[in-house]
Amino acid sequence: MVRVGIIGGTGYAGAEVVRIIAGHPETEVSMLTSRKYAGTRFSDVFPSFSGVVDQACEKYDVDAVCECCDVVFLALPHKVSMEVVPEFFTRGKKVIDLSADFRFNTLSRYESHYQAHSAPELLDEAVYGLCETHLTSIQNAQLVGNPGCYPTSVLLPLLPLIKAGAVDPDTIIADAKSGVSGAGRALSLTTHFCEVTESFKAYKVGAHRHTPEMEEQLSLAAGHEVHITFTPHLIPASRGMLTTIYVDLSNNFSRQAIYDALADFYQGSYFVRLGGAQRLPDTRNVRGTNFCDIGFHLDERKGRLILISAIDNLVKGAAGQAVQNMNIMLGLEETAGLMQIPYPL
Amino acid sequence: MVRVGIIGGTGYAGAEVVRIIAGHPETEVSMLTSRKYAGTRFSDVFPSFSGVVDQACEKYDVDAVCECCDVVFLALPHKVSMEVVPEFFTRGKKVIDLSADFRFNTLSRYESHYQAHSAPELLDEAVYGLCETHLTSIQNAQLVGNPGCYPTSVLLPLLPLIKAGAVDPDTIIADAKSGVSGAGRALSLTTHFCEVTESFKAYKVGAHRHTPEMEEQLSLAAGHEVHITFTPHLIPASRGMLTTIYVDLSNNFSRQAIYDALADFYQGSYFVRLGGAQRLPDTRNVRGTNFCDIGFHLDERKGRLILISAIDNLVKGAAGQAVQNMNIMLGLEETAGLMQIPYPL
Amino acid sequence: MVRVGIIGGTGYAGAEVVRIIAGHPETEVSMLTSRKYAGTRFSDVFPSFSGVVDQACEKYDVDAVCECCDVVFLALPHKVSMEVVPEFFTRGKKVIDLSADFRFNTLSRYESHYQAHSAPELLDEAVYGLCETHLTSIQNAQLVGNPGCYPTSVLLPLLPLIKAGAVDPDTIIADAKSGVSGAGRALSLTTHFCEVTESFKAYKVGAHRHTPEMEEQLSLAAGHEVHITFTPHLIPASRGMLTTIYVDLSNNFSRQAIYDALADFYQGSYFVRLGGAQRLPDTRNVRGTNFCDIGFHLDERKGRLILISAIDNLVKGAAGQAVQNMNIMLGLEETAGLMQIPYPL
Amino acid sequence: MVRVGIIGGTGYAGAEVVRIIAGHPETEVSMLTSRKYAGTRFSDVFPSFSGVVDQACEKYDVDAVCECCDVVFLALPHKVSMEVVPEFFTRGKKVIDLSADFRFNTLSRYESHYQAHSAPELLDEAVYGLCETHLTSIQNAQLVGNPGCYPTSVLLPLLPLIKAGAVDPDTIIADAKSGVSGAGRALSLTTHFCEVTESFKAYKVGAHRHTPEMEEQLSLAAGHEVHITFTPHLIPASRGMLTTIYVDLSNNFSRQAIYDALADFYQGSYFVRLGGAQRLPDTRNVRGTNFCDIGFHLDERKGRLILISAIDNLVKGAAGQAVQNMNIMLGLEETAGLMQIPYPL
């Protein structure tokens, strides 16, 4: 069994990593740390795990983690993450970091939107963990920067079409909608039940830090610097992310050619499901799963493609993709631990 | 007291008309018809009205309605509406029709998206009831086609800016999100609680019949035929509509110039509230009210304006605007019956 | 116009008092204080009030309040409330206190469940503000202890039946369910959207501090000390309280006799609506209103009565009843400011 | 692999059986019938299953089912079920029936609450499938009547305490709350999103047909005919059932003795989790799982025990328990296919 350490296991993303690793046929949760809940049983923090994952959360100690773990997942706030990653890296551990700290190739881009980076030398080592599009580099990586939820939902539909020359990357508008769990378990008025239920709003318009992350990947695919318009919204639901993308068509691609470009690219990718024009994505259909559902509509009057993707922001948008990265890094079956049958409702 | 008839008073929009008319200081509900619930007390259909509106729903009878009513609201499905409107019109009643049947100036546009029109001679008489932008013509109208909810949410932010030459109408993309009550009270899997809660999806992409309605009004404002991209989505909430509009700037309008254009246009319009860039709209803030909140962000890198509007789809998007139209048609205070203090939550 | 001061106006109950007073035909909001938001416009705290109640929240200052107000509503935590009430009382202001501090006749009962009381001499002056059952004493009161939400929902159905000798008060079980807004606007994991949605649970079982409040009133009605079993639960909804009460019948009261006892008692009480056996209460029907809906079922096999009440916990369970108390204290129409037409949904 | 047929696989309970059987290590879905969706792929009815369970729903045909299945699950309405069960029984198939038709030992009890029974001779063959309490008889059964969701939630906490003599069965009051999925996928106003959200109500008070089912099992345990008071309520959530039970203590059982009686009884029962007094059940903690969480509080002033249970109404309350029954009937591991790790949220 692969021995797994989860650092920051009592936030929502961390707890999802615990869930998946605990049910994974080839891994075990060897260490689970939490600043806030050290000494408390995980199942007292999340009582759904009672009788299932009862081990105690521990105080973070790098030596203790390294001793008992082969792979380390970091579900920490950015900045905190980059302070602990180098130690694991140096000691040869495989590291999957769920923060933004190791998602960027370009130091300046990171630093202009986040803060000074304390381990810039690792940015070259780190691989961007969008599994379906960066498979080869992940296979050889020791350190993966696990993508943000919004970037995952935007890049999976777009990258194949940009590479195929089907769309003009300089015309991208992404209108994204996320469930509340994306804001984490920390307390704020924004996540107070009475402020969210029966509410719908945009937030951080033109200012969300996932924008530069998307732009870096889109620029790499396009071969030139790309800027996009990105607007995140909050859905009154706990899980789920649906992103509607508007982009101008290039080269007169037809509906069928769009479909083929996506289908060819994702052939063999179990977790990307194409509904085509007939069945559009719904967050319900991916709830609790690692699937990314993609559909599209071609607005022929305007020469514009409307792409729609749905993911569970905590699974394909965070913990599920993190485990998928681990599987790839270790040469395990890519879907191991992630094959749970979806719920009908 | 103005004597009001409400035809089709037991759907959601009709029941909202009943609510507002019953609380209006200068009107009374003189007749309330319902095909399905004729003979039943309104408060047995909607028990919240118990002790408040206990009168019986009646079978529709044009003579009976005309005898006891000065103003008639029609909250019927399209097609049904156009069959009864002519009789009220001929007998000199003021008519506010909440269906799509009298919203179009152009017969062919209506007929190509709906069906053959049985009263085309009334299209010239009918006035489009978007109160803030069509005030003068509504004052003189006998028949008003009350706007659809999506068109209201799209046109209120855009029309002043198109008229000011601030934006390029040929670049409009409207990404709209509506609460479930927009689908009405009829039964369908789409509105089954278990299929909606914790769900978010787009529907009728590129095919929603509110698109031609918007395009007609936008074309009139632009002075040439305008096509837009419109994508409606379903929010897991009962009321509320938030629309995010993307449009290219023209003539280098600045943030301040945009604000001024909107503020000038809506000066004196009680129901349009501008939050500017500081406070973006949220459906919660307009819940149960006739307000339309508008905010915006200028994406300077792309020369693109992001406009956001929030309305209650059943109030400013249907029944509230209908009553506002009645007030204007009758020369009453425009806000009469619509001044209810909003809820904090 | 009656000049009203609202102390603690930015919690949920306080903001509801603002809403009702702002729409009341005979009152005005003369002063609105908030520890947290002093200096901020009320409409910046609750943007739904934008253009409606834009006045600034002020720092609490007893002299300033007394100078501009005839009536003072206190929407403060208990303990804080009893420290400020005496000053208003001494200066002759009418006071409605929404905390628990002045709800008890018996000092020891209060002190054994809350804390030492700093103004015990006022307990005799204070009147329990359950409007329908304590009308006469409220008319003559200068200080009203506004009832808790749970006690309102339990006492309104029970008191008339206890007084009529229809039920045995020693057998009362109250199984109550409350919306999340009852927990207030303060932040806690308990009110985090993701922890509440799709959740249902009991809390503070056998330990809720509304129990002694109910027991005091039930004991007064019964003429002997009464103990009850009370279990509160949390509904995944923002507003609404439904309480199911089980109590043994006395004296072979029939279904009709039960109905008559309730109907006689509440004759002329606008805000209590009896649905009888045919229509059972639903929190939706009272949402945003000051109504208390009561229904019942007689389990003849067990000689047991099942009483069900529904209120909006923030209105009849807090702010609405507080204003109703003010109306009664000032000799205004009891329903003034509280006649808003309910919503159909 | 055990070959499984699911008759009526496109209702909510049936679809949950499909989900569990599809993920079960020792079974396969060999036949899936649906009156409404025959000829349609299961994943077109429930798109979450796309790429997971794509087989077509078939028209019901007893021969076809018998040919390819060893075990048959019936997720049909009562009455329909009893018409098809005898054929499967005669042909030697193992049958788990999720309707009420084979839950009763006493024909008259069934017939007085449902209708005339067309296969009364099978009532003696049928075993009541409450797994933890009827284990031995299920092991030898060919036909199991799978318990109702409410009975499961009421009986699991009570039966051990009745058998231990800890409580007086003649004093039971069960106040139950169920998610909307309990009403099934059929359309009705009761399940319309806008009628459910922000709503809470009781329904079928004193008249729910799960009452006689509970009373039969309670009577068997008590050794005499028992009547209870049962009140079901509707939670604005899709899944989850929480039941609060009030019952008088017998024989001065202490808190510890209560705990011990439950713990002894459920020793070795993986799916029953005792939280004791410290941690009370919450439907979130059992969502999507086969667990039944039980907690309790002893109201010493009244000599009354408050028992609280939480289940997922579609899993332990329907499909999960059905599969657990199959496991027991076939001598498989009782937990096989049901060990999915719970979600933290």
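Note that the chains are named A, B, C and D in the order they appear, and that numbering of residues resets to 1 at the start of each chain.
Here is the rule we go by: contacts are C-beta pairs under 8 Å (C-beta built on N, C-alpha and C of every residue); 3 or more make two chains touch, one makes a residue touch a chain.
Values in this document were obtained by computation on a predicted structure and should not be read as measured data.
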Quiz prompt | Chain pair showing more contacts of the two, A-D and A-C | solution = A-D
Exercise. Sort the other chains by how far their Cα centres are from that of chain A and give me the top one.
Key: C
Self-check item: Counterpart interface for C-D, drawn from B-C, A-B or B-D and sharing over half of its contact pairs
Solution: A-B
Quiz prompt | Distance between the centres, which are taken as Cα means, of chain C and chain A, whole angstrom | solution = 46
Quiz prompt | Whole-Å gap separating chain A and chain D, where each centre is the average of the chain's CA atoms | solution = 37
Quiz prompt | Overlap residues in chain B, where contacts from two or more other chains coincide | solution = 12, 181, 194, 197-198, 236-239, 282, 284, 287, 345
Exercise. Flag every residue of chain D that touches chain A in the complex, lowest number first.
Key: 12, 15-16, 18-20, 22-23, 44, 46-53, 181, 197-198, 238-239, 270, 273, 275, 279, 282, 284-289, 291, 293, 340-345
Quiz item: Which part of chain A faces chain C closely enough to touch in the complex?
Solution: 12, 180-181, 185, 187-189, 191-194, 196-198, 236-238
Exercise. State the interface residues of chain A toward chain B in the complex, per the touch definition above.
Key: 173, 175, 177, 179, 194-195, 197-203, 205-206, 227-229, 231, 233, 235-240, 242, 244, 246, 280-284, 287, 297-299, 301-302, 304, 306, 308, 310, 345
